[in-house]
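Below is the structure I would like to discuss, written out as structure tokens.
Here the chain labels run A, B, C and D in written order, and each chain numbers its own residues starting at 1.
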Amino acid sequence: MRSACSFLLLFLLAGCSPNQDPEVLTLGGPFEFTSQEPSRDGYLYTRLQVAETLLEVDEQGRLQPGLAERWETSEDGLVWRLYLRDGVRFHDGTALDAQVALAALRVARSKPGVIRAAPIEELRSEDRLTLAVRLSRPYSPLGAVLAHYTTAMLAPASYRADGNVGWMQGTGPYRLEDFDPPHRLGVARFEDYWGTPARIPRVVYLTGHRAESRALQVMAGQTDIIYTLDPASVDLLRRQPDVQVHSNPIPRTIQIKLNASHPFLAPLQARQALSLVLDRTAIARHVMRVPGSEANQLIPPGLAAWRLEQLPAARRDLPRARALLAGLGWEPGADGVLQRDGQRFALSMITYADRPELFVVATAIQAQMREAGITLDVSVVNSSGIVSGHHDGTLQLALVARNYGNIADPLGLLDADYGDGGNGDWGAMGWHNEELPALLRRLEAERDPLRYRAGAQRIAGLLSEQLPVIPVLYYTQQTAVSSRIQGFVFDPYERNYHLSRMSFQP
Amino acid sequence: MMTLVAKRLLQAALMIWSIGTLSYVLMRLLPGDMAFRIAAGRYGYDNVNLAASEAVRAELGLDRPAWQQYLAWLADLVRFDLGDSLVSGLPVAHEVSHLVLHTLQLAVAAFACAVLLALPVGLFAAFRAGGWFDRCSLVASAFLRAQPVFVIGLALVLLFSLHLKLFPVAGFNGSKYLVLPAVSLALVMAAVSSRVIRHSAVGVIRSAFFDFSRVKGLSFAQSFWRHGVRNAALPVVAFLGIQFAGAIEGIVMIESLFSWPGVGHGLAHAVFNRDVPMIQAAAMALGLIFVGLNLLVDIACYLIDPRERTEP
Amino acid sequence: MSVLLQVEALSVSANDVTLLEPLSLSLKTGEALTILGETGAGKSLLVQAIMGLLPSPLQARGRVLLDGQDIGRLKPALRARLWGRQLAMLPQEPWHALDPLMPAEQQVAEVYRYVGGLSAPDALERSRQDLAGVGLAGAAERLPGHLSGGMAQRLAFCAATAGGAPIVLADEPTKGLDASRRDQVAALLRRARERGAVLTVTHNIEVARQLGGHILVMRDGRLVEQGEAEELLARPKDGYTRALIGADPQHWPDITPTDGAAREPVLTVRGLHKSRGGRLLFEGLHMTVGRGEIIGISGDSGCGKSSLGDILLGLLPADGGEIRRAPQIARHRYLKLYQDPPAAFAPGIPLGRLFDDLIGLHRLDRRRLAPLLQRLRLDPGLLQRTSVAVSGGELQRLAIARALLLEPLLLFADEPVSRLDPITAREVIALLVQSATEQDCAVLLVSHDLELLRKTCHHVVSLGGRA
Amino acid sequence: MTRRLLGLRRGQLAGLVLIAALVCFALLEGLLHGADPASQDLANPFAGPSLSEPLGTDQYGRSMLARLAAAVRLSLALSLLCVVTSATIGVAMGVVAGWRQGLLDKCMSLLLNIALALPGLVLVLLFASLAPGSFLMLYVGISAVLWVEYFRVVRAITRRVAASPQVQASRMLGFGALYCVRRHLWPAIVGPVLTLAAFGASASILALAALGFIAVGLRPPTAELGLMMVELFPYYNEAPWVLAQPILAVFLLVLGLNLLAGGEE
């Protein structure tokens, strides 16, 4: 027993080093990474500021200079010219010039990614620092595409012979130091950074799968910043003296994707009824713990051109929902479940594991639907299950989170979600609308802000009237930051953690 | 000796075959089209369309009859080609080999910890069988055994990470991160093995040959060292084989709780994500670790017990 | 002659129940003292009390003087210092008393090393000499599991006496050994007597006779009678002593049933042979068993007596030869009696129910049971109990009754009394032979005790080449 | 240790009382209280204990009494089902394999070898992944793990008993195999099988909770002890008493069954 005690003591002392290294910033988040491929895990490398893109996006979603210090578009909108910053060096010492940038873009085009959707005809270098992109038709989201992580600039030495990334050589203020997939990534300050160098010498990113463990990590002082907190932990962390919780709205919406060709869901009234059943206020307040995040339309605030400002707030109205359903022939049965011609109003709702809060919300929706006489069978699938359910037609309802700020301009995303006759993998399903795809096509070529806005409003109106997808809540990114961090900034587009601007409290 | 190895090898082969078959069934049972799922894993689900899935179908021969596919699946298994993850699209064999190292690290640390805990506790309880220490250790053992492993882990996290701030909560970034998961596992293992050690030692101390050794004139310490240890070790080592099953179950829980990048965590995560090739590879890796540990136990028993060697 | 060990009014009790009544004895140099008695006589308690090895609820009173010092009052640790050095004890069951994982020579050498203080090579050398001295030179490196009972007892003797203690206490040292091995152990004890003194506990008259010296006869924790060996064995005064001596097969009257008419054969064996584990057990065995005949089968342990029985009863295939039974006789009329009576009954079930099962199965006449029990001197009340609640002698008689109910033609009795006390054993054998003969049932009686067979059988078959 | 009731030792008796109390709690709640364990009241999270809600409410304002009782019922039902199934299969196969030996025994031992090559939870996980969230698969998976022990133990006992003099004696006296099973084998295996059953029940309760904890077991809103622990853990600071309830329930269930199994081995 005595030896056991002394052993334990030894163990304790061994671990008694301070949890927080003054040289290292530790980040935690749920994202698992498996490669250094920009097309797959690029978001992580732009967030950690290893890789940078030609253009950047500010908090309002406006394009900003990145590795290209300026850019211009020809009159007809078919040629984009980008003027690269001089003196930018990659982590391996190579200089960034038009040839290198071209090579990186060509690799990006050869892989899956947003750039493939752009109607690019030709990429060429006009001189050492000038890059020209010629399009087959005007495509306004190109700027956003060039700000997307999949088009990040990497040095030629990054690529192996097969075009895959061996070891990433970016241009950012941090260079990749340790790569330990899928759980740990270490970066160190790049001293030859073209801009303001980073203050904190090293940053470590750790994947944490359990939301509750992530919250505990920051409480224990083990981790400095935790991204994507689960709602339950938010209140707990708010009460901690040495932790600050930052709540930032992000252009992401929790929405119910539904199969509009399903006999129960085909009539508009049925979809309206489902929307009326939802008690978004209660979910926002008690489940997500962010009052005011109720969604009355799909496109989240922050994307002003796409918002219907006059739309009233979404409220629960059970009697109206019942009346609408009764109008469709649904009557409550003995067990309280609605019935019509011997069929019970029972549907399955799938959601996926990547975002912990989805399941929590799904549970609440399940209980609320039950009150209206609709039974939902909720299950969690792999996120590809949503897409495959969409394609094989088995999907009935799916609770998904959609990021409208993926490439700063929601146009590309809307095209993916509604472009196919009104449908898309993550958007509408079994809904038929030709007006919306046509509008999207038109907007891609639209360069006049006013007309762009008018089109955007029309699209938002269509989605809100037809309800091919039911909006539930807007996302608020909850981030816990240890009080020793100064200069924390949050990018609502989650492109960049701005680590280089942060420092430790002296 | 060779028969021991051969027996375990056969067992490993059977295990791999059964997991492979189960995974094959699993793959076919999953909702949706197999080609589609594999394409989603390879190219990311944003980039899947009919053409991509048809390409996969042709490449992997998914349009062949089921039995041909099954045979091909088994043939791949024999070549240790376990397929690509449906989530990351990377070869799972590579990913799992990475995870195995972490699991072994955790397992070795936990095992060492458990031995250091269980051995003194078990022996001391045995030397004073029926005494207060014996009874206390019985109660402690019963208490620990009535908990799921993760509750013990959570309790340790609350105490050592949140209140004392001695150890990190979760993750993997240095030896410090090993302490809490290893100790949680070790506590559970020691809860059982300390009692096994105690019983085994008491059995030896009360045995006729131990008495006779004393009567021959040897002291208690001499008798225990010369006759007690080896005889008491046999059932304890044999029990380790059973204990390892529990330990690996514990590893799945503990790795998951502490986000430890090991196979157990990989397995739980893969089950959660419906990533069949990963499930298959992780389950096989755990099975192989388990069979390997059992082989070590067999060899240890063989070395401890001279009777096994002289028997024809 | 100096007094080595003096025991004064030593008694043993458990929770106020006296198990061993006050007893005094003294052991002088060169003397042998033998305590004779059956199971439960408290003989082993006496030895344990002298050593200080009584299990916890038992308590000893009285004085044990060693060189004039009362060792009963010593602290356990100090008393343990005497073990091996002053007092040596031979274990009852040597197989259990030897470390199963340690080669024979090591188990002796360690005593020379740790008690005698010799260096490891010297200790091993001495140990090998000792083992050679008892005829175990070839077995020095074997594990106890590979030794026979007699070898194990000789090894245990070497180990126990290697510490050089003058006083040797031997607790039933010949239990389970056949005659030749029993005599070897007795010889060893006589040798120990020359170096100091020997106190032996046994139920075997022959051992007591061979050791000579002083004999104490005990029964139920009481001293019944004592005296010098020759005198006491020749002219016992107490009735119990007489019974005990009379129970030795040497003193049995010949109880072989008188020969009747020519017997029809129930079993004919021609050229039977069998080997096991690469060793030939027997070959060219010829035997004819007639109705009501009592045939003895003798041989040392491991010679294949039990295998022969199983072959004859059809439980084990023979390697070759011919076995012919009486024609058209039901399978269940060739039966077997077991060495260990409790092993032959389903435990935990009242014996009466087992008998009912049997009577029901063969539609027997229930009225035959009571006279049969009476014939075997069994109380019908025993049938209410389960097999574990009945004594060994009673259970073996019940086994005989169970067999005889089926009116068997042949009963193979495999060492039926070797686990029983002598007086009981004699009674059981006599009843077996008589009642079987009354039913005209042949008996194949297996025993390692040739004397017993001579007194009971028409003729004796020896296995293993020795007569 | 000497005093016995119903043939049980003191520790076993304590276990029996504990399990009986939990069964009563679970059943009586269903009869007397009977609230829907899934019905939410989002405005009333973590209400303290009151007359109508003696155990308070959880983060969704669901009745903890109803949830806890439902979870205990679920755990007990699953463990009972698993134990009965696995014991029936394991004992039957063990008896057959031990009695007949030969080829049949070899085949069954092969099966045993495969089952033994995988730690139980991994096997359960594999089954759980066949049909996630399905009670049936958990049941099949856990039973598939548990039968092994019965088979091993029963087979060993059967081999021993079948080769024993007592069975030889009965066979020679003319009794059939059925009689030998009834009189000799059954009394020998019933004790160990009951002990295994109690351990098996506690193992299945732990497995169920473990699967809930790593989110591959039953799906919410099912009230299941492991799942409740995971869901409530983030609120450990806010409502420790609520978190303590499922932990305590598992603890008592497993402790009770372990005690009932008796002995330490």
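One rule holds for everything that comes next: contacts are C-beta pairs under 8 Å (C-beta built on N, C-alpha and C of every residue); 3 or more make two chains touch, one makes a residue touch a chain.
From a predicted model like this one, the values you see are computed outputs, not experimental measurements.
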Comparing B-D with C-D, the one with more C-beta contacts is B-D
Of all chains shown, the one whose Cα mean is least distant from the combined Cα mean is B
Taking each chain's centre as the mean of its CA atoms, chain A sits from chain C at a distance in Å of 86
Between chain B and chain D, the Cα-mean centres are separated in Å by 22
So, in whole Å, the Cα centroid of chain C is separated from that of chain D by 48
The distance between the C-alpha centres of chain A and chain D, rounded to whole Å, is 43
Listed in rising order, chain C residues that touch 2 or more other chains are none
Note: chain D residues in touch with at least two other chains are 132, 215, 233
Two or more other chains are touched by the chain B residues 256-257, 272, 274
Chain-chain contacts, ordered by label, are A-B, A-D, B-C, B-D, C-D
Touching chain B in the complex, chain A uses residues 1-4, 7, 11-12, 14-17, 19, 26, 28, 32, 34-35, 39-40, 112-113, 180-184, 204, 206-210, 213-214, 216-217, 219-223, 353, 380-389, 391-392, 394, 416, 425
Chain D partner, complex, touching residues on chain A are 211-212, 215, 230, 232-233, 235-236, 239, 279, 282-283, 285-287, 353, 359, 363-364, 366-368, 370, 378-380
Contacts from chain B onto chain C in the complex sit at residues 207-209, 211-220, 222, 226-227, 230-231, 234, 304-307, 310
Per the touch rule, the chain C residues reaching chain B in their complex are 51, 53, 80, 83-85, 88-89, 91, 93, 96-103, 110-111, 114-115, 143, 145-146, 156, 159-160, 162-163, 165
Per the touch rule, the chain D residues reaching chain B in their complex are 110, 113-114, 116-122, 125-126, 128-132, 202, 206, 209-210, 213-216, 226, 229, 233, 236, 247, 250-252, 254-255, 258-259, 264-265
